[in-house]
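For reference, chains read A, B and C in written order, and residue numbers begin at 1 within each chain.
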């Protein structure tokens, strides 16, 4: 290979320099451009949400212009209007259905996940596939009998109906997800503890639980997201009494156009808790939705 | 073929922090195998990756065959690299893995097949050519990684701890194979390891790094016989050299009640220092009879005996100063046990003398 | 070998969850099966009677049902595939170092988190309204103002909202895939002389394959059940132009009160889904955590 001389090397710092002159690397401009594109796309995807929040602080007159307004005098009157329209009880129902069903999911799901991971039952695979297969069956095929049964036992428009159904809906995901966290606990830990003579429940409480508690937290957040956003059961099985926030939003469908700003305020209120939960749990979202298949 | 030069090359990961590689200067002569050795975190991989073009060179330069490669992309440096975890492409077969660099350089299909076959022959991989890496043993994967480097016929081989994932026996075998192959191909090679035995057995020259700085760059015998500082002295050789901080006496230093004389040149070099770090290799002690005169031998008490069959190592502490520990090589089947007294005397001409503060060699 | 007592000790923590899930999710399906061979209209009390397979005959001769089935396939697969492609492009962008990467990722995932009902309302009004919507405002310089998106392109409008919501999920999934690719393989490829495009085609894409498959399977499982978006944006209309099976069955059951008919449709959907799911399940966990875990 021929020795190539490089003109740039003339500017090199000499070997005797004490304080070294930093060399300018050829930084690829491409990376900067990718960053710019990513920002543009990110903002574009987010923009409708931003606009929704922005509109929620407008007066109806400001919201209802052919040229979208960015500069306006912000007002809280839409939020007052939404509460005056009675979103309060719906919010309370959503919170109750979400929180209680998530607690039930954890109470049922943590022991089950344990029994499918660290101390596995026989036929673990079958049980796991049973759980996941329930998520493959379309809910719509079950809604008719659910409606009939709930109607017959007088539980229509009752928050506990939603709580039970949401627990059933989230339990399989939670079991799969928490199982994948349990599997990350080294098995030697349990063996070590049993050699040390600690009873199993103490080992679980004092050693395993702290390890998997971040995972349980993430699982809970994902259950919260699903329960809060659920609409199908809510719209078919509840009304004024036990209705959740999505059901409240349906009320705007008749009067949209006229009350965009108020609608935006209601939609913002509906979306806010879950958006916050999702931002916190974003690293675990995929794990939850993929039943723990992707870490 | 190629000569590789590091010229005051530095890498600073985080501005303001200590450089990971600090003004490294060394020359790899054409066809040589140079080993970069040092403890974990000493900057070996970083230095290698600077040569590969995988890390930027923040100051100074790196030249391959006289060409400054600071702004040259890895693919244009005409190098081949073997990674610690082999970095085999999991979706490709062994043959496809080895052919990949050729394919990327637009080498004809027949030529590719031919060169892959030759390399596979040389490495004993012929029967595995259609397998995916997942279906290979650790040793086989290692050879595929070597093969992928060889087929390129590059100017320089770079290897980053290529043997560290093999078991002890495989490691010794493969070590010899790599050295032999490198000799045959006569391609300049930079080889990174933390294992000083690998460094001593494989390197034409060895560069010892610590804290990103080059400590010494020399042939293995030189490194062993004349370590440039206390760090190299302690790092090269197993068990490590005894490094003892000893007070000056009129004509030398005192150890365990006896006087160890220093040669005139050393005495001149030492000047007015009143303490010195004295290095004594385990084999540079002479075991004396325990009845010997107190003034002529150092008395010690054995803590542990490592019996290797052909020789033994006695770990002991001084009788009059229990905090001072020494290691002494003894004959095989030595009779001493834990708690036994021994008497030793250092071979005066084999002493290494270092400055207490800087650790620099004084003679 | 696990003895009987130990077997039950192990099973005990599992049983509550298992029993609960069976009751809540399986019994309704059995009832669906039972109802599907009955003629039963809720608004006519006492109309319940056993009719064998008459409901199924009706379902298969119902041309609207066929239209709706096709809509469901187009809506589901179309949205999933577009979301996967967009998600892949976004994941490749987000896999690079740039200032504010975490912020951009957070912005990008937000559509996925928005309550679908709220998202659908947002699309229907603020975005797609013919006179005041942002889409027409943005497109007006190109002479496209006044387009009645929802009534002229109902299916596409629904799909647009679905793609907007699901692209972030695919992006997250594929980003996880990209980040699980060992960096030394990419470095080896750079040293081996591969261009960025070769690296992508020869190494990254094969590595991503199972993630892409997973994205398609999961997206399909979730999107085939889409109800909120259709309900809020188009009510399935005009006619059944944008109705999918969940919405259509809902209409039959809760607007037509025809329990027998909607149950039969439900059974048909379950059968189709089971066939698809048995493939999907195998694909889904062929190379993921199940094989390590069990």
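The definition used in the following text is that a residue touches a chain if its C-beta (ideal position, glycine included) is under 8 Å from a C-beta of that chain, and two chains touch if they have at least 3 such contacts.
What you see is a predicted model; the values in this text were computed from it and never measured.
Here B-C and A-C are compared, and the pair linked by more C-beta contacts is A-C.
Ranked by how close its mean Cα position lies to the mean of all protein Cα atoms, the top chain is A.
When chain centres are defined as mean Cα coordinates, B lies farthest from subunit A.
Between the CA-based centres of subunit A and subunit B the separation comes to 52 Å, rounded to the whole angstrom.
Note on chain placement: the centre of subunit B and the centre of subunit C lie 57 Å apart, centres being C-alpha means.
Remark: subunit A and subunit C have CA centroids separated by 16 Å (rounded to whole angstrom). By the touch criterion given at the top, residues 31-32, 34-35, 37-39, 41-43, 45-49, 51-52, 55, 64-68, 108-109, 111-112, 114-117, 119-122, 124-125, 127-149, 164-165, 167-168, 171-172, 175, 179-180, 183, 225, 228-229, 231-232, 235-236, 245-246, 249-250, 252-253, 256-257, 260, 263-264, 266-268, 270-271, 274-275, 277-279, 282, 285-286, 289-290, 292-295 of subunit A touch subunit C in their complex.
Of all the residues in subunit B, the ones that touch subunit C in their complex are 52-54, 73-75, 79-81, 83-85, 87-92, 100-101, 104-105, 148, 152.
Those residues of subunit C that touch subunit A in the complex are listed here as 2, 7, 10-14, 16-18, 20-21, 24-29, 31-32, 34-35, 90, 93-94, 96-101, 103-119, 121-127, 129, 131-132, 134, 137, 164, 167-169, 172-173, 176-177, 211, 214, 218, 221-222, 224-225, 227-228, 231-232, 245-246, 249-250, 253-254, 259, 262-263, 265-267, 269-270, 273-274, 277, 280-281, 284-285, 288-290, 292-294. For subunit C in complex with subunit B, the residues that touch the partner chain are 182, 184-185, 187-195, 198, 202-203, 206-207.
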